[in-house]
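Lettered A, B, C, D and E in written order, each chain numbered from 1.
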Amino acid sequence: MTGLTRGSVRPNQWLRNLNAKIASIPMILTALVIFVGGTAWTVVYSFTNSKLLPRLKFVGLDQYERLWEAPRWIISIQNLAVFGFFSLIFSLVIGFVLAALMDQKIRFENTFRTIMLYPFALSFIVTGLVWQWLLNPQYGIQSIVRSLGWESFSFDPLYDSDIVIYGILIAALWQGTGLVMCLMLAGLRGIDEDIWKAARVDGIPMWKTYVLIIIPMMRGVIITTLVIIASGIVKVYDLVVAQTSGGPGIASEVPAKYVYDYMFLAQNLGQGFAASTMMLLTVAIIIVPWAYLEFGGGRKRG
Amino acid sequence: TDLEVTHWWTSGGEAAAVAELAKAFDATGNKWVDGAIAGSGGTARPIMISRITGGDPMGATQFNHGRQAEELVEAGLMRDLSEVAEREKWREIVKPSSLLDSCTIEGKIYCAPVNIHSWQWLWLSNAAFKQAGVEVPKNWDEFVAAAPALEKAGIIPLALGGQPWQASGAFDVLMVAIAGKDVFEQVFAKKDAEVAAGPEIAKVFKAADDARRLSKGSNVQDWNQATNLVITGKAGGQIMGDWAQGEFQVAGQKAGEDYTCLPGLGVNEVISTGGDAFYFPLIEDEEKSKAQEVLASTLLKPETQVAFNLKKGSLPVRGDVDLAAANDCMKKGLDILAKGNVIQGTDQLLSPDSQKQKEDLFSEFFANPSMTPEDAQKRFAEIIADAD
Amino acid sequence: MTSVSVRDLSLSFGAVTVLDKLNLDIDHGEFLVLLGSSGCGKSTLLNCIAGLLDVTDGQIIIHDRNVTWEEPKDRGIGMVFQSYALYPQMSVEKNLSFGLQVARVPQAEIDKRVKRAAEILQIQPLLKRKPSELSGGQRQRVAIGRALVRDVDVFLFDEPLSNLDAKLRSELRVEIKRLHQSLKNTMIYVTHDQIEALTLADRIAVMKSGVIQQLADPMTIYNAPENLFVAGFIGSPSMNFFRGEVEAKEGRSFVRVDGTAFDVTAYPASVPLKPGQKVVLGVRPEHVKVDEARTDEPAHQATVDIEEPMGADNLLWLTLAGQPMSVRIAGKRRYPPGSSVRLSFDMGVASIFDAASENRL
Amino acid sequence: MDNLASKSALKRHEAEDTRIKAGPRGSKPRSALSRRNIIVYGTLILVAVYYLLPLYVMIVTSLKGMPEIRVGNIFAPPLEITFEPWVKAWAEACTGLNCDGLSRGFWNSVRITVPSVLISIAVASVNGYALANWRFKGADLFFTILIIGAFIPYQVMIYPIVIVLREMGVYGTLTGLVIVHTIFGMPILTLLFRNYFAGLPEELFKAARVDGAGFWTIYLKIMLPMSLPIFVVAMILQVTGIWNDFLFGVVFTRPEYYPMTVQLNNIVNSVQGVKEYNVNMAATILTGLVPLTVYFVSGRLFVRGIAAGAVKG
Amino acid sequence: MTSVSVRDLSLSFGAVTVLDKLNLDIDHGEFLVLLGSSGCGKSTLLNCIAGLLDVTDGQIIIHDRNVTWEEPKDRGIGMVFQSYALYPQMSVEKNLSFGLQVARVPQAEIDKRVKRAAEILQIQPLLKRKPSELSGGQRQRVAIGRALVRDVDVFLFDEPLSNLDAKLRSELRVEIKRLHQSLKNTMIYVTHDQIEALTLADRIAVMKSGVIQQLADPMTIYNAPENLFVAGFIGSPSMNFFRGEVEAKEGRSFVRVDGTAFDVTAYPASVPLKPGQKVVLGVRPEHVKVDEARTDEPAHQATVDIEEPMGADNLLWLTLAGQPMSVRIAGKRRYPPGSSVRLSFDMGVASIFDAASENRL
């Protein structure tokens, strides 16, 4: 009854959806060339003794052995762990508490939100500088408190090896909690108002409602936020450079700085690549399962 | 022709010195395009290197001559200056010759040294000692002895910035002063780990331990901020290279009157002859290449050398220039140089990698009082053993 | 004795006044339905009663106790929401017991009440599941259970069935009715679905823009609507309206619309109809007989435009006196479009409204 | 008898009634200083102080002269307001031989930021649209890689990118820098756009296809006009991100293109004599001014867009 | 002549097969309704016909042209969506003309078609407005208009009315029916509302899990459902089912359920009922007479559990043979809960299904 018309032939799979494929070329290139290619390249060269220029002279695991023997690397890892742990906890807790406060139908919400979010618009360089100064014992908070009469008051985190990482944490939180607050606020606003009403009718106190009902409901937002914070933590570099340059001594070194210093200052690319590979590994352990669940597993659209 | 020159000379004295180079180059009808990158060599070098390897080379760039540019040369990215050198007879005029040796790789010359920097100086604030009511010390031991008096007067005895290379450099200075030239060469040139672990070096570490104690409370990052502490009398002294002199000059202070300098810490008058040099990346452009040659030869012109080094506080690379205008301290340096009491700088002897490891060690050592000198020495010996 | 009284209740959101001096008394054990179109203030009223909104003025009295300033939990009410509002991460059992646990009810008592509620609602097999593993109907049942375990005398429902599909809706409707019959507690039920209102209510309060238009039992509302709005709002398809003028002729009354005169002598008017008065005649689709009038009865000829068979009955759309109207006939009698029919009206159950005041005459 | 009982009942009822009537009516009186308000606003104000303190110190310091800074405390308002530090930071501060302050960096930043923001947003939005509406085989894989890529420390990628740019012959040019910013903006922007477009009703897209609109027509005529909030989010993220970038600006360009942050770093780190805190602070504020302005102007949409694009996974 | 043919259509999402070798022929000018519960694959089928989903296997033929791999715009179809899917930033007029502009139809022609569509749907006054300024019903009308201007012969509707409230829904239902009567083009209409299906369709295809259960005209579907699923799905309240066994006694057939025996001699079985066979007897609520049976007719005694007055008629819920059942009676007759009633069944219009195969006997 019907002849073989154009529409009856299954078109070539490659040509189908051609425009979408063309539009995705930048993404595909970035993913393959830069991210996969660059990563593979870095991993391969981490097994060489490349110095200033990359050279394919393999030396096995030498770079890794040296890496894990370097006290500076160990300190960097410890710092990252401490910094990461506290900045995750504090960002989430502070961000959530602030969001919860902002969600109380308060007046001047816009003003408060703007105040909390503006540091996010500033660069780490700026943040680092300002806090370096505020925490400077000669001019900053310590001197102010002392001039008010507490002569023995001491608050100089940036000059005390034991707590310098917390000094950096203060600045990091100042810059980052605003965004977390915003994300959390968006999450809170997305929650069905009837849930609140139901909880009130049930006589559940406010804080219990938050802890036992609302927070578990915000799983999605919290995960997104976690991932955003976590990715920032692994990358932390500028802030340390601007605030302490890793000092005093090497007390506030972080892995990203180790990578940079050894690649470019020490002109030992192999060492830098080995360190980056370790960082990549950390990232992979945290992120890949999440990304797979979130985007890879053929989840339903939307 | 415009020629972009990158360097990391951004402090007051340095900038003034660079201006002299630019003036001299501009006088040849070319144009010096200044590409200063602040934050010391640590920040600047990676940028320079990525630009050269990234295929976007500048016209000329500063490095500490020695091994920093070694691989760039080997990779054929740098311009061979042998011709210019031949023509201008650099072999003959550059003194000490070790400077040119550091520019030479496989018989070819790749850089134009512009100054001699020596690290081995102790700068003292006369005002600070006056305030503390003690004599201005004449050597390291006296300095250590005077420290309590300074502290009592609320003065930090020894200013030391937080940048890692300062700690590492200070140690080298102590080493030359306390253990002497031979030990220094055995450790850094011959990389003898046994010596590095030995009693001579242990003494040096003892002294470093003293220095660490004396420098507590400096709380500054940059070397020139540390120098500024000395200039303003907030600190008693600073172990720093002769470039610190530039800062004293900018501040309008006079050697001998306002400040005192003790080469070799007043113990062992030997100075190292590191320094800065300009390298010239290979550029396709005919005209730029020509301009590069002009710049290279300008840099070594006697007038340039004088003008530049007076501002910079360093010593000229040629022995045949007249430095009548030089101040007290510079003259002391020239004397020592003339006597031949020179050693090579660590930049020339150690790879940047080993240098960095050494910096990590000393920056930790100086910041962390709980690290014992013995531990530090053990690690130091390991670094020397691995060094190349 | 009243169970819930609302006295002079006013509520404004900023400048917008949603409720203005509203009064309402609900008896013990009564099933009251608040019916009205979207945005008329039904939920607002319910939330005021529940204590979820602060009233601007007026009082709320539950069981002779002025609770205007009380917290929701202290008012002796349970509430069921349109979106179920179940706590998603808790099992059904936990959902039911959570409020009691917070109120420190002894565990034995909690278990007893949860068990009873689960039995009543037949959700025992679901107790261990999470809400996400339930169907819409099951979820709503759990939501009702949550109100049930609170052991209160007043239940508030805010459109509990409108997220369900037609079939489930009618099933749950019956269940709620059954629940009310067995519990015999006061229920206030908000909906904009008139079938729900008619089938569930003891009394219906029809609302429009925050004002109660008529408060009466379903049959009165349906058969004797107080005004044009109520008449048009209730019934599907809507009541057929004919705008015309009263005429008196030979001792009989007529409503004349265009050229057609409807004999309304049989209409039991509460106020006598005055000739010349502008009125609206309203006739429900099922109060029109098709081809059943005796030849001596007054009847109107019309042509079927559209036929909508609905299974149990058949809906005809026709044009009469220049106006579209609908007629519902039972069973299988079919009238394809174009069929000619004779219509006769049962004026005894018709409604006549004054055209100006829109009130029933 | 009967009558009496009912009467007394009535009386009781009335009595009760008056009691109730006398009871509370209207909304519960809440003093402005209720405990809740004290806690909520108290906390918020405290937090606001913490957030504003650095800004305050920056501004105050930038208006003081050096002598005043040396003696005074950093929180004290300036005794004598001077705009000299601002002038100096903008036009006079030196790095090496160049003494034109931040002004040069400012224009460079503009020249870098504008094309980078436009191109990265254009590329990412089309990409997100393709991913959300025109899914093809393998798209998810690439996208997953892209997202994981967002977490790779930049340092790891610098070297390979130098090589890629060199091979493309755009190293050190503005083009190269724009490409770099586009690459690194891609993951998060694509994610945002994809989520946003996926959140738009799919039926809209279907309706447009039935109407005969193709890939680009749907994007330009249907999707774009509906996407203001997410474009604002993307714009804010990119403007702040690119404007504030330091690493790429310094590694991938030559000095004549150095952005403002690099200039800022130079000024702050080129200490000539003493640290001029007032100039540094002025320079810092000047550098932050553009992203701050962008943010203040469109901050409201930012939150809305975040809600639309980020919250759903 | 067929207008749309679906041949052996299969569609899978990854591992999930939604449609498996489905066949369907739709005649020119026919109004076909796809009816089924949520998730059964109705939209999927419609999207395949529209070309919005790539089929896994099979063919789609529209007007004798194989369009399986054509773009949606080239198939000669128009589509109307549940959520209206109006382009929010365009005016109504622009919404209507957008597709034509994309197809580069001359402006004069566009204007003509928009004008005509606006007239048909009576949306002329709205042409300049944005969709956000329209009510739900108006939006859906515009959405229909958008299909109308395409001047195509096949209209696809995907639950166009389910976002509207009950009142509007019934109004637009009539309009769509009217539209079909005047345009006389093919319409494929997806819904899960059986009233819509019954009132609109020429033929209904009842679907379950991607399989068409019965394809027939509404009356057949309603009165003679092919299987238990169709019988239960259509009709509100549902058909009453009694599971029992066939018995033959004294020349009469019975279905015995618990202790109760239903006389089904009048049932016009297509296959003779075998004694002992397990069957399900299905009786619609309106096919039960209450207190109307003559004393000599077989009748069953029962008690009313719940009464649901729905205005035009009255729904009674009772228990018979241990099972809950519903009965619909017309008009105003009231039976409060507890009333005792005599039920008689009209077996001529009942249904009997084999209990095992669930097919009609």
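Annotations
The definition used in the following text is that a residue touches a chain if its C-beta (ideal position, glycine included) is under 8 Å from a C-beta of that chain, and two chains touch if they have at least 3 such contacts.
All of these numbers come straight from a predicted model, not from anything done at the bench.
Shared contact partners of subunit A and subunit E, listed by label, are C, D.
The chains touching subunit A as well as subunit D are B, C, E. Farthest chain from subunit C, judged by C-alpha centroids: B.
Contact count check for A-C and A-B (C-beta pairs in contact): higher for A-B.
Centre-to-centre separation between subunit D and subunit E, using Cα means, comes to 51 Å.
Mean C-alpha positions place subunit B and subunit D at a centre distance of 43 Å.
Distance from the subunit C centre to the subunit D centre is 50 Å, each centre being the mean of its Cα atoms.
With centres taken as mean Cα positions, subunit E sits 90 Å from subunit B. Residue positions of subunit A touching 2 or more other chains, listed in rising order: 16, 260, 263, 298. Shown for subunit D are the residues in touch with two or more other chains, namely 158, 265, 268. With touch defined as above, subunit E holds no residue shared between interfaces to two or more other chains.
Chain pairs that touch one another: A-B, A-C, A-D, A-E, B-D, C-D, C-E, D-E.
If you check the complex, the residues on subunit E that touch subunit C are 37-38, 165-167, 170, 173-174, 177-178, 181, 192-195, 198-200, 218-219, 222-223, 233-238, 284-286, 305-306, 308-313, 315, 317, 328, 330-332, 337. Every residue of subunit C that touches subunit D in the complex is listed here, in rising order: 7-8, 54-59, 61, 64-66, 68-69.
Put simply, subunit B touches subunit D in their complex at residues 4, 6-7, 9-12, 15, 18-19, 22, 32-39, 43, 46-47, 50-51, 53-56, 58, 222, 224-225, 228, 247, 250-251.
Contact residues of subunit B toward subunit A in the complex are 42, 45-46, 49-50, 53, 68, 70-72, 75, 162-164, 219, 221, 351-353, 355-357, 360, 363-368, 379. Across the complex, subunit E meets subunit D through its residues 47, 50-52, 71-73, 77-79, 81-89, 98-99, 102-103, 143, 146, 150, 158.
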